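Which chain is which? They are A, B, C, D, E, F, G and H, in the order written, and residues in each are numbered from 1.
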Amino acid sequence: MANESKPQVAVVMGSSSDWETMKRACDILDQFGVAYHKQVISAHRTPELMAEFAHNARANGLKVIIAGAGGAAHLPGMIAAQTTLPVIGVPVRSHALSGWDSLLSIVQMPGGIPVATTAVGNSGATNAGLLAVQMLGAFDADLAQALDDYRNSLKEKVAESNAQLV
Amino acid sequence: MANESKPQVAVVMGSSSDWETMKRACDILDQFGVAYHKQVISAHRTPELMAEFAHNARANGLKVIIAGAGGAAHLPGMIAAQTTLPVIGVPVRSHALSGWDSLLSIVQMPGGIPVATTAVGNSGATNAGLLAVQMLGAFDADLAQALDDYRNSLKEKVAESNAQLV
Amino acid sequence: MANESKPQVAVVMGSSSDWETMKRACDILDQFGVAYHKQVISAHRTPELMAEFAHNARANGLKVIIAGAGGAAHLPGMIAAQTTLPVIGVPVRSHALSGWDSLLSIVQMPGGIPVATTAVGNSGATNAGLLAVQMLGAFDADLAQALDDYRNSLKEKVAESNAQLV
Amino acid sequence: MANESKPQVAVVMGSSSDWETMKRACDILDQFGVAYHKQVISAHRTPELMAEFAHNARANGLKVIIAGAGGAAHLPGMIAAQTTLPVIGVPVRSHALSGWDSLLSIVQMPGGIPVATTAVGNSGATNAGLLAVQMLGAFDADLAQALDDYRNSLKEKVAESNAQLV
Amino acid sequence: MANESKPQVAVVMGSSSDWETMKRACDILDQFGVAYHKQVISAHRTPELMAEFAHNARANGLKVIIAGAGGAAHLPGMIAAQTTLPVIGVPVRSHALSGWDSLLSIVQMPGGIPVATTAVGNSGATNAGLLAVQMLGAFDADLAQALDDYRNSLKEKVAESNAQLV
Amino acid sequence: MANESKPQVAVVMGSSSDWETMKRACDILDQFGVAYHKQVISAHRTPELMAEFAHNARANGLKVIIAGAGGAAHLPGMIAAQTTLPVIGVPVRSHALSGWDSLLSIVQMPGGIPVATTAVGNSGATNAGLLAVQMLGAFDADLAQALDDYRNSLKEKVAESNAQLV
Amino acid sequence: MANESKPQVAVVMGSSSDWETMKRACDILDQFGVAYHKQVISAHRTPELMAEFAHNARANGLKVIIAGAGGAAHLPGMIAAQTTLPVIGVPVRSHALSGWDSLLSIVQMPGGIPVATTAVGNSGATNAGLLAVQMLGAFDADLAQALDDYRNSLKEKVAESNAQLV
Amino acid sequence: MANESKPQVAVVMGSSSDWETMKRACDILDQFGVAYHKQVISAHRTPELMAEFAHNARANGLKVIIAGAGGAAHLPGMIAAQTTLPVIGVPVRSHALSGWDSLLSIVQMPGGIPVATTAVGNSGATNAGLLAVQMLGAFDADLAQALDDYRNSLKEKVAESNAQLV
């Protein structure tokens, strides 16, 4: 399984308040033994840091970038604008508008600059981690096998959960 | 009235397809004799150009920036992140989601980096021009007088329009 | 830095229940040393007071007006209709419809009468304060410097917040 | 049937472009022989005219006011704020957001100042006319009878329309 | 002031769970001394009772009917279909969809059968009570005076509420 | 296949303007040889006719009722309130709000009175016809076989449609 | 009343977390003495189990299937795609988007494959149970009588609930 | 540049009517010389074909799957449920609800089964093609270079488009 020390994945987020959500992406990467780098990078407060991060991402050995943000969530799209690595965007649930703003700000990218968007909130963060693993796993037989095992574990949990219907 | 050759206002937009909307902001600036600079600057396709534009805006003598964009509209917010001049954002009406995405991507900025958002589409562009004039007019008695005249002309049009209720 | 006793900014709101939100605009103005006047003015319950306030605003030395309201939020637009000073509208989060009503009632102004709208709720109020400072700062080098300092403090907080990703 | 020359109903609208919709309210009033006054009054462009209209409405013999507007539609609510006559609000369909903005700006009035809101667009204008007639008809036996006749005509049209299901 | 024992207003609601909201309409009617009848009538569970109520409403001396309901809220529209008295509809806030369903089910009536719709939830119920009083007050000088007094009391509360901005 | 003259299904709609949509339900019933009755019945304009229809439906031999309506669409729910036969509701696409109002008015029924809701517009009408056939087909082996044949024809069309990807 | 041991109805759900909602469907089936089978079947985690369940449903004696799911809720539609028995879909309320996603994912099925959709959340689950009973009751006089009794009990509860309006 | 005859990417769609949108993904793949397989596969009409396609995808040499669908769009999620290759979902714009249904049905996947979602409609299809190229390009220096060239061509078009602002 891919577990080299040099990170293939980065998990960035617009604010430390997004960590409660985004840690679920890191949990998945930990579970699959995929090395990653995590950092708060704000599109609006640290645009230069964001540009530097994005421009250097490929040279730094990254294969995939996961970016989470809420509200007028510009981080995933602006990183995507400054690298040609695949960028996964996680719409963090906002207080006022429940994440509708986060979702639309991330998913509705214009033709030319894609962001691979997942669901609003926790399940989106979990799936961002999985999607990163699947992108790597398309070129890595060990990860592919680990993904199969993960899917089988999901199936087993479904079977077991019938006991709770009482 | 303010009509010096050095522009106090810039009108930028993410794509030339936004011009149909954004020209209404320029029409207002023309009408009030406010010099402006207009340019296509794309947050996603030309992020370096955007950064350069924003960082130099104040030194170049600008007082207000008007930025229009549609869909996952990151241009107004990302310019606002890179200057402390007031930035007015115009949500251009998108095809798929009628401008809901444009509106939320522009207005829902996080605390710290404001964007002065106007209405979706044509009336928003007209009002962006007026808002820029009003910001200048807070410090310019001639523009303030011109704004009063404009308002009076609106009143007169209302009175005249009763003839159309047939 | 601008700190004269005569207020350049007014912060008005439709109800004292909006204060919990709107005080964030005042916090920013306090932080930048910008003098302001704060008052409850209701478009619906005190329309005459609103008209008087708006008509006298420029003569009273105001440069910018911040108006917050929720639900069918008519206060920002109706003040904007009765002054040519720039008016910033803050959509206060409503109970029933989470602020969708507040947002649309404020931002969707017809061509002719602009309102500079910020985000729904607390971050919108903070940004209304900042936007007012930025409007003043376009003509005030000291405020411009203070805004730069503020932005730098935001950057520093981002760097420090990485420690919380555990 | 009520057909005196002094109008009991006023039909006002924010712009002559609303007439296409609002004429349906007038058609109903014509059909029932209820005298009415029609006028363009803009909350944003002619706030003084609006205030004067509203304050004098009762003294002028009006019993009901119908007000139509679109976008950030403040006219019905602001008239309602300045009279205690019943005000019926018609959300005119807006171009950008299909009338969602018009609807919420009119219907979501705060406690204290009611607006009787009807549907978005043409059927809302028709129903505003009918609602005015019904308010008068609560105190006018002739109008009540005319309303019964109108309802019966609707029933007959339903029966006849089966012939079109081919 | 109108205070006769025979009710001029009925306040009906689809479920006793709507009472928490609808009692605000009754509070207003009590405050203005307007006699009313209150009852749970369900469009879906007691359609015959609803039909009987609506058909007899005018003969029973009612002048206005207030009907509150939530979700697929059919009560106001179906009563309106069976009487030509003015019917005021109050969209009670639903659990799942926050009252969007209640609002649209009540306000979007087809041309021919109007419902005078107020805001979602508590302020809508308060305003339904006031709207009923205003309909009566169009033909009752004492109620008109009481409405003026009520409006003045609102103004006074606004003035007093400035003390809370601390 | 079920083709007796006495209808097992009724297809009703609130207005003849709904026929353009609802005829798709009839097309399906024709295709499966299921006898049906079609009629315009308006909840709002002909409530007595609706009540009579619903109360007699079971005695008249009906097994399923399909009801289509738009806007504040009360027909399906009000028929469902007056019969215990299964009622299928089709949200007809409204002009102003694109069918959001129709959908919510039909699907958000309170516990106790179900409506089986299909998609907005044409595909919803087609599926209403199919759902009726499937309900009958649960107790009719010939119809079950015909449904299998229909499904197979859908599969074949998919295979053939690849030729169009050019 | 139908109470044979072989289930005529299946109640399936995408996750054991849906049980809190879906048990309301089972409560209704218990109340009417309709035998049912309940199981967790996930469209996404156990697609083969889902296919097997759906393909065998008719042969196993089922007449109706109730399927509940939330978020991108594919279970009802995918079961419907693999059986011609009637499938009732219950949109379980999602955390992030309040069930809008669940509702649209279930109700907006393409022409050819119907799902009978009920309301979001608890009332939708209750109504799914009732709808299943009504489908069976169209061919079962005892169940039809039991449904009449149930409706009468609803009427009685309405009458009794007036006592709570205090 | 990757141009082998064995496809690394599949572009599938629920209906041939989606081709108008999805061909934009194929245009991008053609432009980058990435071999692909295109096919109509319907989740609802051909679930067995879908299962077979998904289960064999990795063995057939695919690295990425692009799936487009509209309305209750289950195709991307159901393919994702049956392979661990990365699946990109394109929400095709639906007629009735403008693609809101397509978007939510695709993006709101539960934790465990990710779909990489792009924008509604044409730009989403273009970006799905690009996202696939970027996923391959993370492991292919020639494609990475081609992506850089593509981005440069976008920049040039922006510069040229200023000529259109007249």
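Going forward, a residue touches a chain if its C-beta (ideal position, glycine included) is under 8 Å from a C-beta of that chain, and two chains touch if they have at least 3 such contacts.
Here's who's who by UniProt: A, B, C, D, E, F, G, H = N5-carboxyaminoimidazole ribonucleotide mutase.
Keep in mind that this is a model prediction, so the values were computed, not measured.
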item: Touch-network distance, chain B to chain H, counted in steps; value: 1
item: Proportion of interface numbers common to chain B and chain C (over half same, under half different); value: same
item: Centroid spacing, where centroids are CA-atom means, of chain B and chain D in whole angstrom; value: 35
item: Centre-to-centre distance between chain H and chain A (centres being mean Cα positions), rounded to whole Å; value: 18
item: Set of chain D residues in contact with two or more other chains; value: 15, 45, 71-72, 96-98, 100, 107-110, 112-113, 115, 119-120, 122-123, 151, 154
item: Pairwise chain contacts under the document criterion; value: A-B, A-C, A-G, A-H, B-C, B-D, B-H, C-D, C-E, D-E, D-F, E-F, E-G, F-G, F-H, G-H
item: Chain A-facing residues of chain C, complex; value: 93, 98-100, 119-123, 151, 154-155, 157-159, 161-162, 164-165
item: Touch list for chain H against partner chain A, complex; value: 24, 58, 63-64, 84-86, 88, 103, 107-120, 122-123, 126-128, 130-131, 134-135, 137-139, 144, 147-148, 151, 154
item: Chain E - residues contacting chain F, complex; value: 14-15, 43-45, 47-48, 51, 70-72, 74, 77-78, 80-82, 94, 96-97, 100-101, 104-110, 112-113, 115
item: Chain D partner contacts - residues on chain F that touch it in the complex; value: 15-16, 19, 23, 38-42, 45-46, 49, 71-72, 95-98
